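Here chain A shows up in two complexes: once beside chain B, once beside chain C.
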Partner chain A sequence: MSDQWIDVCAVDDIEEEDVIRFDHLQHSYAVYRSADSEFYATDGKCTHEAIHLADGLVMDHVIECPKHNGRFDYRTGKALGAPVCVNLKTYPVRVEAGRVLLAVGA
Partner chain B sequence: MNAAPIIIVGAGHAGGRAALTLREQGYNGPLMLIGDEPHAPYERPPLSKGLLQGTAELGGFSLSAPLALQALGIEHLAGHAVQALDCDARQVRLADGRQLSYSGLLLATGGRARRLPGITPGWSNVLYLRTHDEALLLRTTLRPGARLVVVGGGFIGLEVAASARALGCTVTLLEAGPRLAGRVLPTEVSESLLALHREQGVDVRLDVQIEAFEGASQVEAVRLQDGSVIPCDGVVVGIGMQPNTDLARQAGLDVGEGIRVDACLRTGAPGVYAAGDVCEFRLQPEGPFQRQETWRNAEAQGRHVALNLLGAGQPFRDVPGFWSDQYHSSLQTIGQLGATVAARRSLAEGGFVLFYLDAQQRLQGACGWGPGNSVAKDIKLCERLILAGQSLDAAALGDAGVSLKQLLRN
Partner chain C sequence: MAEYRAAFEPATRPVRRDYRLTGNQAARAVEQGLASATWYQSPVPRKRLKELMQRRDGPALRDTGLWLLALLVTGTAGCWLWGTWACVPFFFAYGVLYGSAANARWHETGHGTAFKTRWMNDVVYHVASFMVMFEPHVWRWSHARHHTDTIIVGRDPEIVEPRPPSLVKMALSLVSLPHVFNTFGALARHAAGRLSDQEQTFIPESQWPRVVWTARIWLLIHAVTLATAVALHSWLPLMIIGLPTLYGGWLNYLFGVSQHVGLAEDVLDHRYNSRTIYMNPLLRFLYLNMNYHLEHHMFPMVPYHALPQLHAEIRHDCPVPYPSLWAAYREILPTVWRQRKDPTWYVQRPVPQASDAVVHANAVQ
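So, the complex of A and B:
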């Protein structure tokens, strides 16, 4: 199945080194903008207790869950230690004409 | 001859985290986790919220599935109480008479819900909430239309009240003090909680004393000292936790409010450590002994003590913190909340963060309140600002236009 590119938002709707929540077809995604303005996306809910990650804190390339401080590298989805042990699924993102596009169904 | 196992007494969050960390750190020796509950270790915060409301089940907040514990070679003795500890012989004795030797011992015995004095033991509709099975029992009482009296305006009482309202119960909440969660929360947050619960239909009564429970085999009404009578179908008592210190006390260990430990979480007996709700520790060498009954502390101490059981010898340091979710709002605190609020930052939708500074204008603590998890980012940044220890400008902290991340990096 080929990727379907979904329009998420304008580039400047996400601050640098921050994250927003994006819901599409009953699925939540977290879409990140790094300090050097690269864009990434992961599943929107923490693999620990399904908390929305977009309320968490982005520092460098790490998202920290708002509740239990579980940390992930949002570029790879890698879980960085207890209480999280299951990696986050990541999704391709690209920027086109000032818009952030997310590939779902990959 | 096989080496004696590391034994963990108490299979709650701290004990479970310690066991998992020991394996994660490469400890391959025998490892026993002994607990009186029938379940694999689990996190307690969902008990008063998701579990009561039927949106979460035990498997979703267990630290590890029973089979996974087995696969890790963690021998979990569920439903077993440890009856005695002999620190000289380095042995524990189980209720069934078994004597087990240990090479290292962790006491993570937690606590039990404090009982309300003067209750007839036979009253089956007076309920408490500390364990999963207590929560399940409570869940059967929270039928739509049931009239519930909650005794205690602390976090357990408030979260149960919120869950009961979500389930369609009529709720009266009784608090002996002048405000909600007054021992640990700033006045403004207590007031926000009070306004929210009243808006959600909870009959909150402050500064009240219970005179008597009325009823034959069940409590049918609660009579207050002011003469008012509250008819009810059930009572939930949330008046705090009683640390399980008997085992340690009988073994001659130093026990205050909890089991006293040194900076490395060691008790006075060789190879015997304590962690979690039952652990009474000091964050500074000459600081006061304290206990932390929080998810954060169980997680952090459970992990830390495992490293020290393996010989790390590191003092435990953490910034204390906790959260509470009620309805669609949440509060979070970090650090020490002093007597005086140094700055207040307004957030969207009625949210706010209160900041506490020391004499050198360094951040000591913060408390945020707002919809969903909206205060989480700021509280996490406050944790980093506390650790950074830099002097801060109160006006900047109070200005929502100034990013805390920027202050951290200044």
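So, the complex of A and C:
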């Protein structure tokens, strides 16, 4: 299976230390920009109750779910404690010509 | 005589809905799209919401320090004056700090929003959980469900007063007796390695060992306290650990009832099932601003110290707040009284219509 690179948005469409929602082929992704302007992507919904993470809070390298405050390290997808137990799936991201590109399985 | 009595009885007894998480109402809630549903949120610009959601250690360090200091001072004075009437006001204050204020600390640290530093949240969470006898791993998951399915019958494990309400249970709850009785039963069950069917619906299996070991540790602490009291031939150890949950829990119960009791069930809009009540600074300190309960439910990411600002952002889109706890109870008490005979009755709060997005369930039963 090869990765398919999808155009998500312009770099400046995501503020530093923030996250946006990106939907593609009926799948929701969360695309993050860290405080040092690195970009990351995970599944868009919390593994606990399928809440959109893009409405949550980015702190350092942690995304906190807006509903139950479950926390994940968005660089690795690792669940950091109750009420989340299942890790998030992560996706490769790269920046090209001022655009953020997301790799999804082809 | 039998005919005379029958003439004054209602034609049918009030029907109690099945509030269990494993009963028929649980299945109905799922069928009707009330489980894990999308809830109404008042519009707040993302930039402003991010500001409000920011975590800080300062306010919680101040409020936790004050709380612990007040516990130390009142507890020490109570012990010092033990055996005289002068100890009563000190134990009264100690009990409220232990059995009621700890609930707000449990709640806010459970959300992880009190402190910015995670371990501070965790330490205060476990201490406060013990004080109010909320098993930390059980209630963390139970409260997550409460936020997912707030006052959805068959889904929410934290509905304080199922309809029709029992006035006897409500009276006993002022001294936390039903809660403490049930918790000791649960502790015994958990210490033996068993979780109830209902608990298994909202606690992941991976967390069950934590539930079991916490129950064993708690029972050990209570046993040591009791043994100390027996050895010393004194109630004093129990006045410091354990009994304050009972004699100081009344304010916690008054706060708890004021949050949702008497309002709508099975709606997907917190403006119809949660109250915001203006309170004085002392009550807000004890309650950690949870009097802004509607705001808390709509945006649980916002820390307690930012709830007044959030309230200012969305108040135009919400029902008029109650001016005091007393004002809220002037609505709650007659409603509860009426629900004894008519469990379908509830208070319908006037909500600004421009953004009215409530979703009511069609069927009550």
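Just so it is clear, the second predicted complex is superposed on the first by the 105 of 106 C-alpha atoms of A that agree within 3 Å, B and C clash if a C-alpha of one lies under 4 Å from a C-alpha of the other, contacts with A are read in each partner's own complex, and residues count from 1 in each chain.
By our rule, a residue touches a chain if its C-beta (ideal position, glycine included) is under 8 Å from a C-beta of that chain, and two chains touch if they have at least 3 such contacts.
If you're wondering where the values come from, they're calculated on a predicted model, not measured in any experiment.
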| item | value |
| --- | --- |
| Simultaneous placement of chain C and chain B on chain A, clash or fit | clash |
| Touching partner for A:49 - first (chain B), second (chain C), both, neither | both |
| Which of chain B and chain C A:83 touches, first, second, both or neither | both |
| First, second, both or neither for A:64, with chain B first and chain C second | both |
| Clashing chain B stretch [against chain C; choices 207-215, 225-233 or 243-251] | 243-251 |
| Chain A positions touched by chain B in one structure and by chain C in the second | 49-50, 56-57, 59, 64, 66-69, 82-83 |
| In the complex, chain A residues that touch chain B | 17, 49-52, 55-57, 59, 64, 66-69, 82-83 |
| Contacting residues of chain B [partner chain A, same complex] | 17, 20-21, 24, 43, 46, 60-61, 63, 295-296, 299, 303, 323, 372-374, 376-377, 380-381, 405 |
| Chain C-touching residues of chain A, taken from the complex the two chains share | 18, 48-50, 56-57, 59, 64, 66-69, 71, 81-83, 85 |
| Residues of chain C that touch chain A when the two form their complex | 36, 50, 53-55, 111-113, 116, 118, 137, 140-141, 144, 147-148, 204, 206-207, 299-301 |
